[in-house]
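Please see the structure below; I have some questions.
Chain naming follows the written order as A, B, C and D, and within any one chain the residues start at number 1.
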Amino acid sequence: MSVSRYIVQIQGEKREVTIELRGQRWAITIDGEMHLVEQSVIEKDEHYSLLIEGQSFLVDLIEKNWQDGEFTVNAIAEQINVRVRDELEAVADEITRANVDEGLFVLKAPMPGIVVRALALPGETVEKGQGLLVLEAMKMQNELVTEIGGIVQEIEVKDGEMVEAGATLVRVIADDSTAGAA
Amino acid sequence: MSVSRYIVQIQGEKREVTIELRGQRWAITIDGEMHLVEQSVIEKDEHYSLLIEGQSFLVDLIEKNWQDGEFTVNAIAEQINVRVRDELEAVADEITRANVDEGLFVLKAPMPGIVVRALALPGETVEKGQGLLVLEAMKMQNELVTEIGGIVQEIEVKDGEMVEAGATLVRVIADDSTAGAA
Amino acid sequence: MAKEFKKVLVANRGEIAMRVIRTLRKLEIPTVAIYSDVDRQAPHVFFAEQAIPLGGRTSAESYLRIEKIIDACRQSGADAVHPGYGFLSENLEFAAALAKEGITFIGPPPEAIDVMGNKLKARACMVAAGISVIPGSDGAVSDPVEAKRLAAEIGYPIMLKAASGGGGKGMRVVRGDDKMDSALRATREEAGKSFADDAVFIERYVEKPRHIEIQVMADTHGNVIHLGERECSIQRRHQKVVEECPSPLVDDEMRSQMGEMAVQVARAVNYVGAGTVEFIVDADRNFFFLEMNTRLQVEHPVTELTTCTDLVKMQLEVAAGRRLKLRQEDVQHRGWAMEFRIYAEDPEAGFLPSTGKIALLREPTGPGIRHDSGIYEKYEVPIYYDPLLSKLVIYGENREDVIQRARQAFTEFVIAGVKTNIPFHQWILKQEAFCRGECDTHYIDDHFDAKQISHDARVPQVALIAATLAYHQHSRRLNLDSVQTEKEAQSRWKLIGRREAVSRRSTI
Amino acid sequence: MAKEFKKVLVANRGEIAMRVIRTLRKLEIPTVAIYSDVDRQAPHVFFAEQAIPLGGRTSAESYLRIEKIIDACRQSGADAVHPGYGFLSENLEFAAALAKEGITFIGPPPEAIDVMGNKLKARACMVAAGISVIPGSDGAVSDPVEAKRLAAEIGYPIMLKAASGGGGKGMRVVRGDDKMDSALRATREEAGKSFADDAVFIERYVEKPRHIEIQVMADTHGNVIHLGERECSIQRRHQKVVEECPSPLVDDEMRSQMGEMAVQVARAVNYVGAGTVEFIVDADRNFFFLEMNTRLQVEHPVTELTTCTDLVKMQLEVAAGRRLKLRQEDVQHRGWAMEFRIYAEDPEAGFLPSTGKIALLREPTGPGIRHDSGIYEKYEVPIYYDPLLSKLVIYGENREDVIQRARQAFTEFVIAGVKTNIPFHQWILKQEAFCRGECDTHYIDDHFDAKQISHDARVPQVALIAATLAYHQHSRRLNLDSVQTEKEAQSRWKLIGRREAVSRRSTI
């Protein structure tokens, strides 16, 4: 039987995984450690029952992006993100990643809501963790903060504006002096 | 706006139905009687919320055969079968139906089970409602009966045989003398 | 000395396996499920921490195979087994096999199982202990002359009963001397064939009987308590379908009399664990010992709700050798509870069993609702086992409240894809005799008529509208698609045309 | 003379609308739901018989529009309105508008709403009735000198409170004279801005307070009873998250003292219906009147479970002019109940509200579980309203049993697609102080640390295996498909080739 190899990202870590069908079970190694897994499909691409060395787990694929191998999985009443790449794809990812500009922080709306007010002006210097904007959702006001120290480049929304989840709100450019002090 | 016409079979009756979109609502006539219906799709082809003249119903399409317009619908915690045909299809159905041989009764397994024993032999004369075969499922024995009087033509299964739902079990041919006496 | 169970194997499936595992999970005791080949996707397999295949399809090939279950215990390291009800829960050999392995059987001692497993032994034991049994013969009867003499003593009608019978089988009512010879012969033949034991005895036949049972619980330190009664008279062909606690028939005095007698019964067989003493009650409210079920009953939840207890937890405690925490005087009854057994069967087609995939499941929730379920949406109900899918148990301040809540709950409850007896429950909830609490065990068989099952008059219209709309919209989408497909097809032909032109040019 | 309601409009949404409709359905009273534009697919719309659109998105545009709701009553013919909690449930104008239309408001008389709606009026009324209130000023205080004089009398630390404030807003603790001037000015300004009323008064600040409330119920015939207490000290930023009944702090004596006082409070304002008298309890178990909520509380289920009552049914009965069926001596408390509010918020990201579609919903069931829910699988949680999705209410024989059942239930409970505070509840259930029943209202704010939220160590491995397997199998299927597509493509080219050949031949 043929062995397939994948690079799997989970909780910020990379794991080397191999999969091989052995009779009724799957032999799966994670960073070299082997597990015998019996899988029963309750609904294709949705719900599986797994017996991992006899331990029983009901697992659900909550979100799936087959193209990019990105999944949100429910297991033991917890949800977790997993990214599965085959070896070639993983290399391609690395190259793309290197090109990402690390000197920029883009504050995006974590949920749909209404912009209450900006807490900083364009051109203002902000420290890491400082509030940039107040967003209201579900009758609660939430202060959103910058994850880097730097200078506010642009505020892309107006007070009172309704925004969708993922909308870009504020851009902050890393300030060399701030970065140097850190 | 255009009006579409359908012939709908439900509980053994045929209804003439017209559908027309009027603004946000559907104007639906059933045998000439008009209902204003607002539909909200919770999941396409699966779950709908209907407001029929302001009365609220959550409706589910449990089974659907789009080709033949056959549906099992859940509404108000009951399931019911509906067949929707457009006018041309309905005419075609009528012709097919006329060719069905009404002198034959085919006993089919209403559920998967194990054949316990036949209650009549081939060639035997049976009356309407007489037991033909005992089928066991879920630890219960069930007597299955003939819906016509006639002569047992063939028993297609053996005692102890495991059968799937819908499997043909026994054929009964209408006996002219029996039919005449009825 | 009280043990701590390190791991418990649940030797059952369906709702009762779920129920037992739920208490084990609550107590943070690791659990092991076992399953047959057809039960790989049964919910108890997911709900336990560990799951071990038994192979096989039928019960005889799987859940009744003692040696396989012992193997599963060895393999998983389970030090106790909860048998649930049915299967091996009242099997002497199983209890003995576990004992030999040093594995705790969460149930009574083998001696109690043995006595109560045979109606004649049990009857003799009860008579000796001074328990009131139905007037009848002291032992097996095979001679018609002797039978007629006894019948004259007891008074007709009498009942002939197979000593090893059960589940409503091996019983025959006799109303006069003229029928005795043939009835005795037939009952003995049937008993011999069905139970490999042709011993038959005589009891007075109770007309319009009610079936009321008492829950008892006993520890290994000699403490025995009762937790009140359950009314189980709503039966179809000797199969319980609705049970309740308290019984509309039983008052405080009767409850304490029956309760005390049940405790005596348990003491007479040195009982340990959860057990149920069944009584038959006649029209004058006289009650007689019928039999003792030496396990947890299907209908135990109605007792849990009215007494605020967890019977599975109590079973585990006494099995571990602990003392009962509850004394008789601490047992409080409050409110009313009813259990509705949800069977996969079609009440409108002669209660024919139904199987298939649960296409849609919408469970009732909210105040007073407990749903002990063994199914889930997409679950394929197998044909090999008991058709009990789940139990809807309703609790409320009084009987009227429970009936109202139950009617409401059934309007929320959707199980589609498999036929169930929910329409039957909706029928019984509308019967006046039921609402007055006046049904005897023959009520359903005498009164149920499938034609009386009522259907909401709005359903056909709503379904018609929904289906026609869906079909209409689907055809529109298809038409749009086919228009596009046609366009694509056209452009493909254009492409072919162009290629042909190119070919033509190049070949010319 | 008792009325019979012909049709009841439920002027609310979410779990409480479902809860109220459930009792109305039980009593077979037809129901009317109202909904905003974004709530067209909210479950209360399906659960009522009739549904009427209000239009609008925000509460101000929909559920708070009195004239639209009156219109909906007229249109549907509803003769009573249940307001639930929040929205218009304590709105004087709404109660008056309904009265004018001859529609019954299922709540207290306007006078009671009025008095209890203003902290100063309520305080004065309670003092006059001899109820113990927290030592403080008799009226509004605006002069810092007067404030300092009062503070000296009461003793620091003191609390400045806005008369019209609520929900934890408009309050400020002052620990000495030096801070009084600025604190008084700031509180008055804030109160003026937030509540259009700058009246501020002084109360002693209770350190390590516990928040315990008493459920009362009153009819129009002068009968007032109480149904025991609820412990509501588990709060996050003045928002209750876990409530229980009984309180670990309250014994029988304290219960009857608090209960009697609560009845006195209700009598002082001629109360009718369900109400809650909130008390603040200091470290020495002294209790003081805090405020009265003139409606059904979010946490009413814990009282229903321990007293075996249906508070919504009682509300309907007294609103219809019937006498209370329950006398004080009939109220029995048994067992223990805890409510866990399930909010759409992420405890691991500063409790940021979360919205989106419920991708997967798996609800706990079985013994002791009541889930009052306002969501379903595929439901899109809107951003406009309160983030309360549902309430998991657990009942058991004692506090330990409830905690064990709750821990177990949360291992069954899956809400995916939207973040919830379930991990927070799992954290609190592990805190020793909580398990000992020793938390005051500051406990969460002082002790919660998102980093302490524990995750099952098996999850990453299991998820990794599941996702990799799924991806592997999916790719295999795609490969097979593409092989087939390729074959099809080839045969198409063959066809084209043939046509070309034909063309060629015919053109040659």
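Some points to look at:
Just so it is clear, a contact is a pair of C-beta atoms (placed from the backbone, for glycine too) under 8 Å apart; a residue touches a chain by one contact, two chains touch by 3 or more.
Since the model is a prediction, treat every value here as computed from it, not as a measurement.
Chain centre most remote from that of chain D: B (centre = mean of CA atoms).
The pair with more inter-chain C-beta contacts, choosing from B-D and A-D, is A-D. Here the CA centre of chain A is 50 Å from the CA centre of chain B. If each chain is reduced to the centroid of its CA atoms, chain A and chain D end up 32 Å from each other. Residues of chain D in contact with two or more other chains: 411.
Counting partners per residue, chain A has 55, 57 as the residues that reach two or more other chains.
Looking at the complex, you find that chain D touches chain C at residues 18-19, 22-23, 25-28, 301, 304, 308-310, 332, 334-335, 363, 365-367, 369-373, 396-397, 401, 404-405, 407-408, 411, 496, 499-500, 503-504, 507-508.
Residue ranges of chain D in contact with chain A, taken from their complex: 344-345, 349-350, 352-356, 359-360, 362, 383-387, 410-414, 416-417, 422, 455-456, 458-472, 474-475, 478. Residues of chain D touching chain B in their complex: 33, 40-41, 45-46, 48-52, 76, 378. Partner chain D is touched in their complex by these residues of chain B: 40, 42-43, 47, 49, 51, 54-58.
Remark: chain B residues 4, 6, 8, 10-11, 15, 17, 19, 26, 28, 30, 35, 37, 39, 45, 48, 50, 52, 55, 57, 59-64, 66, 69, 71-80, 82, 84, 86, 110-113, 137-140, 142, 165 touch chain C in the complex.
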